[in-house]
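One structure below.
Chain naming follows the written order as A, B, C and D, and within any one chain the residues start at number 1.
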Amino acid sequence: MFNIALFGCGRIGKVHAVNIAAHPKTQIKAVIDPYTEGAQQLASQYGAEVMSVEQAMSDPDIHAVCICSATDTHADLIEQAAKAGKAIFCEKPIDLSLARVKACLSVVEESGVKMLVGFNRRYDPQFRTLKELFESGAIGKAETLVITSRDPSPPPADYVKVSGGIFRDMSIHDLDMARYIMGEDPVSVSAHGACLVDPAIGEAGDIDNAVIVLNFPSGAMATIINSRRSGYGYDQRIELHGSKGMLKAGNVREHLVEHWGEENCAAAKPQHFFLERYKEAYISEWQHFVDVLEGKTEPMCSGIDGEMALVLAEAALDSLNSHKAVGVSE
Amino acid sequence: MFNIALFGCGRIGKVHAVNIAAHPKTQIKAVIDPYTEGAQQLASQYGAEVMSVEQAMSDPDIHAVCICSATDTHADLIEQAAKAGKAIFCEKPIDLSLARVKACLSVVEESGVKMLVGFNRRYDPQFRTLKELFESGAIGKAETLVITSRDPSPPPADYVKVSGGIFRDMSIHDLDMARYIMGEDPVSVSAHGACLVDPAIGEAGDIDNAVIVLNFPSGAMATIINSRRSGYGYDQRIELHGSKGMLKAGNVREHLVEHWGEENCAAAKPQHFFLERYKEAYISEWQHFVDVLEGKTEPMCSGIDGEMALVLAEAALDSLNSHKAVGVSE
Amino acid sequence: MFNIALFGCGRIGKVHAVNIAAHPKTQIKAVIDPYTEGAQQLASQYGAEVMSVEQAMSDPDIHAVCICSATDTHADLIEQAAKAGKAIFCEKPIDLSLARVKACLSVVEESGVKMLVGFNRRYDPQFRTLKELFESGAIGKAETLVITSRDPSPPPADYVKVSGGIFRDMSIHDLDMARYIMGEDPVSVSAHGACLVDPAIGEAGDIDNAVIVLNFPSGAMATIINSRRSGYGYDQRIELHGSKGMLKAGNVREHLVEHWGEENCAAAKPQHFFLERYKEAYISEWQHFVDVLEGKTEPMCSGIDGEMALVLAEAALDSLNSHKAVGVSE
Amino acid sequence: MFNIALFGCGRIGKVHAVNIAAHPKTQIKAVIDPYTEGAQQLASQYGAEVMSVEQAMSDPDIHAVCICSATDTHADLIEQAAKAGKAIFCEKPIDLSLARVKACLSVVEESGVKMLVGFNRRYDPQFRTLKELFESGAIGKAETLVITSRDPSPPPADYVKVSGGIFRDMSIHDLDMARYIMGEDPVSVSAHGACLVDPAIGEAGDIDNAVIVLNFPSGAMATIINSRRSGYGYDQRIELHGSKGMLKAGNVREHLVEHWGEENCAAAKPQHFFLERYKEAYISEWQHFVDVLEGKTEPMCSGIDGEMALVLAEAALDSLNSHKAVGVSE
């Protein structure tokens, strides 16, 4: 049984709490959150203790940390956990600053602890199946990838202000997926965007619609289409065109009942948002982390993946501002 | 160029008029209809003459008749055309009385003229493709057939009264399709029904919902599901289950544009009714009749098919009344 | 925490074992199975004890029984559990003999214990949604129900011999669904069938393809289409036509990735069989049983439902043999 | 009856020949093609005369020209027809050189003749429906447009060499569609591309995969995804995302029969190529031209549309070479 210290009791912290508790090989030993009431509640629900960061990091019974706290605390907590020899699961992003990420990752590397960065979509059964079919040769060599990723509705402008912008906050998932699916790193990034959904997002210096084009060394291209608002749920699709055909992962609908009536033939909308859409992915992600803890496998998404996604997000921002393709070199 | 005498200027007569005129090898020479104004209009539209039945039948320039008149005139017109040596295209049914059909068909047989009975669905490209895939062995041996056939909305009770009832009027198409798809004749028929849509239909002595089960000599079964009202357009589907899988012909939609919105993901309804749904089938049916006229092929749906469909419709009616399976023997 | 005695360690016993153990309010206290090795294994996996029937029934710490043993033991175990005052979850069927079922249920009634009969499909999220949409008035009054239920491949003839026949073994689920969806009991049953898949099934006195038509007091009709073999996975669909349109619950596919290639545009097959298709239904069913144990609700599927489904299955068998509609009266 | 002079007897010339002849208000009077055998054949098929360019242009009985000849003859023929006072239908493009196009259009303008440029997709019933639903307000204000346009297989390198390159030859259709759907002209164009399908295309100085991003004055963006090879037929899709949802025009399949079997659930591929996919569009386009000839309407796609599409194609080429967004100003 692995004892886990859970940092952060917000929406995503609660998702992981359920999965940690439900897994036969993990349990929540400590809950850490500056919002003590929330921490207390979660702790009592799972038979865990509320601890301070220092207590948790120095508790020898704690094997691993699950970092779900505010973004600006991630890098510090990663470093402390690494130094304390604890395995690390950290929600994306590691940090919004690339320099900070690099510094943080060197601490992790020095420590030798295992670290898994939480890009949830890699564990989604649909996208997994697409990846596996591609790797089995179903469509030959990859040529064009199209990722559609649209949130149901925009976040509040206050969130936008601290989010690091759409590329670092939202597109970063798709940038990681592009690398994951294609199995290679892009050589250049071109980004386009506009503020169409909520003027407050524009006033906060951000955009809410984006199109990103990635060029890969093989000549293959990936296009990412993002919006902060779909109007019809969480739109999460991938199309991969290859030399012998296409693979296409569609949306997961709320249910499969169609209603045919006078107006039209209506099917259910896509599942509302990430909590529903990636529910299975979070479970599978945690299973993967347990496999890492047991030494059965290496993290399939480690610090370097977190860093590369951020590199691409920054290149996208450069491109958006310069109206040019921006080269990427590791 | 084959000269055609068109009997009947109603809805279905007009459908055939368009196709006769558009075909490079046929033209409308005569239009015959007791409603002279309609006959005159159609005739002038296509450069044809209005004729009496006698004139048309005795005109040596007329090669073939296209019978789209009222049901109770079909058998007489067929006999006259046969005796006049003209090839016959007749809309279903030949007659509502089986005895009359048999008598009529013996006249046709004696005359040696070619006759095509207008079961339009046999020419539908979707059902054709299903039939061809089945015959190519795609699903092995046929085991279960399910035909769904639902009109958009019920006919007026006045029509119902002279229609011969749902089995002779509506199910007859599906009974023919079952024979056509399966390639064998049923040995028994069981029918179930109710009046659910319009009480006036019940008062007219008819039902508006029916389920018919056919048993075939091979052991295979067919189920026909009929309703006089779908609420969402013309529902025309076929599922054929075989020893190695299923073939399934879905509805043809009004268009292929989906609208994803706050409420649902909406697709277009099935095409509204037979004029839209079987537009291509009617063209292809006429082409087949021209092939028959040219001696290139034999009618794929002749008098005996018209008779067999009626035999099955009558058996269905017997079964509905007796609550028993009714044996069919030719 | 409710302590559960689990009778039977076969395939379905294991499904329930997982769900009992995963539920925060239930645990397996006892495992009972004549196959002691299997019992021992399951018991040690869940920290339970292997017991004899008598031990389990007389153990005051056991609150409820979960009966997943061989069909011919169900009625006896139900009676013993009822007399011992234990709440009962029993897999379908209660018994293959209607007389035995009635006797058994009167013991249950006398005892006053709660009993839930395991018709898993009532808990399936897709069919639930269909039922809810129907009850919300989405399609008006029910007119025609079509249930398609096809197993991926036929069971061995040895199983068929003790199964009670396709109606009692397989169609019984669909008969229950028809009652559940329509919210009324049929007044007559007509059944048709053939042995098309495996001659050994015919030699065992059974059929492997069936079509059942139910007539309801409201005039509505239900058609059930069964086969012991689909060739493409577990085909589980429901169409409900009403006065204002149709609701249609489609199959759940293995995944949502399409492969478009030179041959065709391929989607995944339906989930293979009931373990996959009804995984969520089993969890939800157990949740319902826990709600019953807690007194929060009454069983949504009790002994009388088990009995009625069997009544309909027997009527189907009568109809198959007599080629007549068979009246049903409770 | 309008007499038409048809220039060019190749693949697309034959498509128009059928439609001109089938239309009740037009007939082919003259056929002009340097390949005299082909001209002779087509002429005799439709009861037309073979003429020289000069004969056709000076024949007072000819009301309009239909230009389907080699691209490099378009501008000259347009000018001659304009000077001869004949209405003009010209297949895209007007010319591969923007300067030539401008010169040509000024001749047309001076002459006052009507001219329709053949961007067939504007007449496709699916895309029309999408456009109409959008204009009816179904999804609010347009935000993102995604056009997928993939040919089944690449053209021979010899064709590529004279094609003007993928942007002028293939993407030009999508660039026109983007303008048509959005109802505004882009302000900048960014293009990305690679040669992935056939190295001979690269050696001919062209690419075979392209992604083009257009920015519109409203802030809206359009993404065009092109490939010279799909591997599964002609992939023609449009997604339009707006402030209140999405409209999505899918592919038209070869047929609607699905085959569910051991391997998968297979649907038919998209219709193979433009002759099949846009068959109805070509008919509707010709109807529109007849409406123009009759003075009932103005050309919905005139010279300026042909010019603008070329302007965008050239901007795409600039962008591909410069790796920068290229501004567009009319």
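By definition in this document, a residue touches a chain if its C-beta (ideal position, glycine included) is under 8 Å from a C-beta of that chain, and two chains touch if they have at least 3 such contacts.
Just so you know, these numbers come straight off a predicted model, no measurement behind them.
Among the other chains, D has the CA centre that is most remote from the centre of chain C.
Here B-D and B-C were compared by C-beta pairs in contact; the pair with more is B-C. We define each chain's centre as the mean of its Cα atoms; on that basis chain B and chain C are separated by 42 Å. One finds 58 Å separating the Cα centroids of chain C and chain D. The residues of chain C that reach two or more other chains are 139, 230-232, 244-246, 259-262, listed in rising order.
If you draw each protein chain as a dot and join the dots that touch, every dot ends up joined to every other dot. Contact residues of chain B toward chain A in the complex are 230-232, 253, 259-270.
Against chain B, in their complex, chain D makes its touches with residues 22, 125-126, 129-130, 133, 138-139, 244-252, 255-262. The touching residues of chain C, when paired with chain B in their complex, are 139-141, 143-144, 146, 148, 150, 188, 190, 192-197, 209, 211, 213, 215, 219-221, 223, 225, 227, 229-232, 235, 241-246, 323-325.
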